[in-house]
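Both of the next two complexes hold chain A, though its partner changes from chain B to chain C.
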Partner chain A sequence: MEKWIVLSAMFLLTILVFVVKRRNGRRHGERAHEHRHSFGHKHGGLISIDYLAYSSKIRHWNPTFKVILSVLTIILCIALNNVYVSIVVILAMAYLVIKVGGLALHDYLSVLAIPLAFILISIFAIVIDFSDQPIGIYHLYLGFGYLYTTMAMLKYGVFLMLKVIAAISGLQLMILTTPSSEVISVMKKAHVPKDFIALMNMIYRYIFILLDVFAKMKNSAESRLGYRDFKTSCYTFGGVASNMLVLSLKKAGAYYDAMEARCYDGELMFLEEDKKVEIRLIVPAAVYVLCLLLLWYLTR
Partner chain B sequence: MKNRILKVDDLHYVYGNGKLALDGVSVEIFEGEKIAVIGANGSGKSTFFLNLNGVYTPAHGEIIYREMLVNKKNLNELRKNVGIVFQEADNQIIASTVRAEVGFGPMNLRLPKEEVIKRVKEALAYMNLSGFEDRPPHYLSGGEKKRVSIADIVAMKPEVMIFDEPTVSLDPQNAMLLEEVLLKLGGEDKTVLISTHDVDFAYRWAERVLVFCNGKIIADGTPLDVFQNMEILKLTNLKQPTMMEVYNVLVEKKILPDTQAYPKKVQELKAVLDDCAVLLSG
Partner chain C sequence: MKKSHKIILSIITLGVLFWGSTPLAQAMHIMEGYLPPKYCIIWGVISLPFLAAGWFSIKKTLAEHRRSITILAIAGAFIFVISSLKIPSVTGSCSHMTGTGLGAILFGASSVSILGFIVLIFQAILLAHGGLTTLGANTFSMAIAGPIVSIGIYKLCQALKVNKYVGIFLAAFIGDLFTYCVTSVQLALAYPSAQGGVAASAIKFLTVFAPTQLPLAIVEGLLTVLIIIALETYATTELTDIGFVKEG
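Then we have the complex of A and B:
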């Protein structure tokens, strides 16, 4: 049974990488005609994750519920350390985000592919070892020694990989269905220090303003041949960067004035919508967690 | 006689770099007035507004709100009743959803949550933004952002609303919407101050015009008085509103009798011309 898991996991992984790669290549060509999102969809890692979270169909679920479910999933994955649990979690999270949340499969996979690259590199280091004897089930002669792997090492590596992917899937549930402002409000409820919360709120808002300013500056520099060759590009980059610093200081001043004008007195308070925790959601979530525990108990 | 709402007396303000931005500004503002503030860039309009709201502390001079002399202790009372819509919405919008953004002011007023929710809802409906509650500001267009920044202030229900160059960077349609909102606010007897470079708009909308030049108020009167004063227009590099110029040309060419009945809108000019035609033919 376990051998099959190892083999099919490796097989699926290859397919996944291939699919993501091909779709990415094709999407670039299509983008000109195809604009699936109606407004404001900007490209670039951070913004698209933010946008995906914002357009998720389960965004209206209570954010505390989603964060707890996601954190609980991650903890269970790591604590139970069971390959069946990992597989169930990967499938369940994908189902929640893609099917219930209405996210395109490709978007889900491409967000997953970001950490996957790092995971694969580290898994290779665990699975492959070096020896001067031809040992293990597979080995490769390099002239001065052998790269080899054994079944036990393969199994350990793949199981570890599945565990990590499962934990990341749990995280994906949170980041792909809950906008950052709501995650921050959950942290506030969890009594994270107020100053951190205020900082996070402002940084989150400001990331978008700075990106916008940066894009404008870059465009205007580019229109004046600021990026014509490598040396000029370096100078331009330096200019843009120092200008950004000056500008952000200036903007911070203007921002503070605007906050003070609205009676800000040192404590950042926002109106948050109370989203009811529905029994309809809690019961399946509880059943799901129990199932994971049961599965672990049966396959121990 | 209308009640006085704000009295500014001999206000001086000096920037950190030693530049004198306001040099003895004195003015009285009454309930329900519609005031246009004009003047070149750097003439002290924005600084004046930030002083009115209590964000900047004047070097000397005083501000009296109703009967209350404003000092450090009752500053929040002033801020509560004088709201500013800033020139750039991106410098004003602070929260990551429209709901939180519009609720920011009322929350700072320490209102009960039900009241905040009610006010946010009203302000959004007022600015035609219902349904935008959950939108993050970075997915809004420029015009929508401007409307959100106005809703911010509407939700605080101040007695005096200040707009710092509101029509800059708005397309014609949004500028028209803005003028409708201003008319709506005027109908509710709110005191509104607007800084603008658009003399046509100031002439058409305002009841009173303040002209700033180098940190001083050099003219204060009805639009007609101010825009007929060539000396002031020359000093501030402003031109006469188009409607006035057209009227003057018509008088000069003897098409209209010189009755000083300056029209403010195209319709009014048409009515004047119609009347005149009746006179001539009759």
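Then we have the complex of A and C:
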């Protein structure tokens, strides 16, 4: 059984690497088209997660429910630390987001592949160890000692990778189906301090303003050969970044005036859609959590 | 195979493993699910007093000048955007700054702890970098340890009358390196090596991340200096407002 798990994990990893390669390949392809579509995909990863969340079919579910389900899944994943639980979570979350939420499989995988480099490097550091004796099933002589690995360490690494991917899947349930503004409103309901929520709301909105300003400045710098080599691009980047800060600091006062003109008295109020918690969602969710616990109990 | 061949082969294999497997050089966020629950809680608790200190300092600022809330928010958004932008890199890989060193120099370490915390939440929600359970550990390495070291180095260089730009470079560079070291130690504490314990494991993590993090730290230092130079040239009034340039 464990052999099959390791094999399927390797298969999943291959798919993820393939997705990343294709994404990178596409990026280079578009560069060849003289940045014809550059405006839309410049910070693709960033805009697209929020965009995907807004277009999800399960956006109308109660956000508190989704956030609790997602956080609970993550906590179960890391607390139970069981490979079967991880696999069930990966499949269940993929089903929820892709099948029920109507997200394209490719988009789901490319978000899952974002932390891939970090996962691979850190798993690599865990499965490999050094020693002054040639032990383990594979070892490599380095002059001063041996790099070695054992079957148990490799298995541990693969299981850890599955756990991490499962936890990220749990996080994806939240980020790919719930827009950030709704996540913030959930935090507000959880009685996070008022000023903190106000700061988060404002930062969330300013991020998009700044990105827009940056995209415009970068486009104009690029059309003046501002990124033609490494040294020039460093200067341009520094100039653009500082100019962005100057412009936005200048606007900060104007933003405050605008808010005050609309009767801002220390609290930002937003129109929130009232989304009912449905019993038909809570029951399956409870069953799912119980199943995970049962699975963990049976395979302990 | 001769012994020298073996050595050459080992070196080449290692090189390929290091350089080939790192297409993305990002600031080191520990991703969701990587840390066992015990360490998630420990790092959260360690971060808490710093966050509380930052929170009270922000509260005080807001009580005195309610207007500064938009400046704080802009500063947070700026740190987020700076850390999500692709910066120029030599190898053609895709790398990002941490931005917290710059933030600490411009806005002060106490407010950066809270702003960095918010930025980390948004990085998890909007970029899928980092995560919710690892928020405590990431906050400690990126929003607390890094900025405090940066500001310390910056102040130290000011006191020692080192050239200002050298000081800023060192502050951003060493702050970045320190973040990377703290993250490696955090990882090593959670996953100690079977033979050598935590220390050996820390060395392993430091080694595997070095090829991405060392160039990144140097570029980050250079860019921070360039940004500060440009700001000083064009925006002395704004810098006075946020307290970077003392009036007089």
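Here is the rule we go by: the second predicted complex is superposed on the first by the 250 of 300 C-alpha atoms of A that agree within 3 Å, B and C clash if a C-alpha of one lies under 4 Å from a C-alpha of the other, contacts with A are read in each partner's own complex, and residues count from 1 in each chain.
Everything that follows uses one rule, which is that a contact is a pair of C-beta atoms (placed from the backbone, for glycine too) under 8 Å apart; a residue touches a chain by one contact, two chains touch by 3 or more.
Remember, it's a predicted structure, so these values are computed and weren't measured experimentally.
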Touch test for A:Met269: chain B only (first), chain C only (second), both, or neither? first
Examine A:Tyr204 and indicate which partner it touches, taking first as chain B and second as chain C; both and neither are also allowed. both
According to the stated criteria, A:Ala285 is in contact with first (chain B), second (chain C), both, or neither; which is it? neither
A:Ser180 in the overlay: touching chain B, chain C, both, or neither? Say first, second, both or neither. both
Return first, second, both or neither, reflecting whether A:Tyr54 touches chain B, chain C, both chains, or no partner chain. first
In the superposed arrangement, does chain B or chain C reach more residues of chain A? C
With both complexes overlaid on chain A, does A:Tyr255 touch chain B (first), chain C (second), both or neither? both
Chain A positions touched by chain B in one structure and by chain C in the second: 50, 180, 202, 204, 209, 251, 255, 259
In their complex, what parts of chain A are in touch with chain B? 39-40, 50-51, 54, 59, 179-181, 201-202, 204-205, 208-209, 212, 251, 254-255, 257-265, 269-273
For the chain B and chain A complex, residues of the former touching the latter: 50, 53, 55, 76, 79-80, 83-84, 86, 88, 90-97, 99-100, 102-109, 113, 116-117, 120, 133-134, 136-141, 152-153, 156
The answer for chain C against chain A in the complex is residues 6-7, 10, 13-14, 17, 21-24, 26, 28-37, 40, 55, 58-59, 62, 66-67, 69-74, 76-78, 80-82, 84-85, 87-90, 114-115, 118-119, 121-122, 124-129, 131-133, 187, 191, 193-196, 200-201, 204-205, 207-209, 212, 219, 222-223, 225-231, 234-235, 238, 241-242
In the complex with chain C, residue positions of chain A that touch it: 20, 24, 43, 45-46, 49-50, 71, 74-75, 77-79, 81, 111, 114-122, 124-126, 128-131, 140-143, 153, 160, 163-168, 170-172, 174-175, 180, 183, 193, 195-196, 198-200, 202-204, 206-207, 209-211, 214, 227, 230, 233-235, 237-239, 241-246, 248-253, 255-256, 259, 266
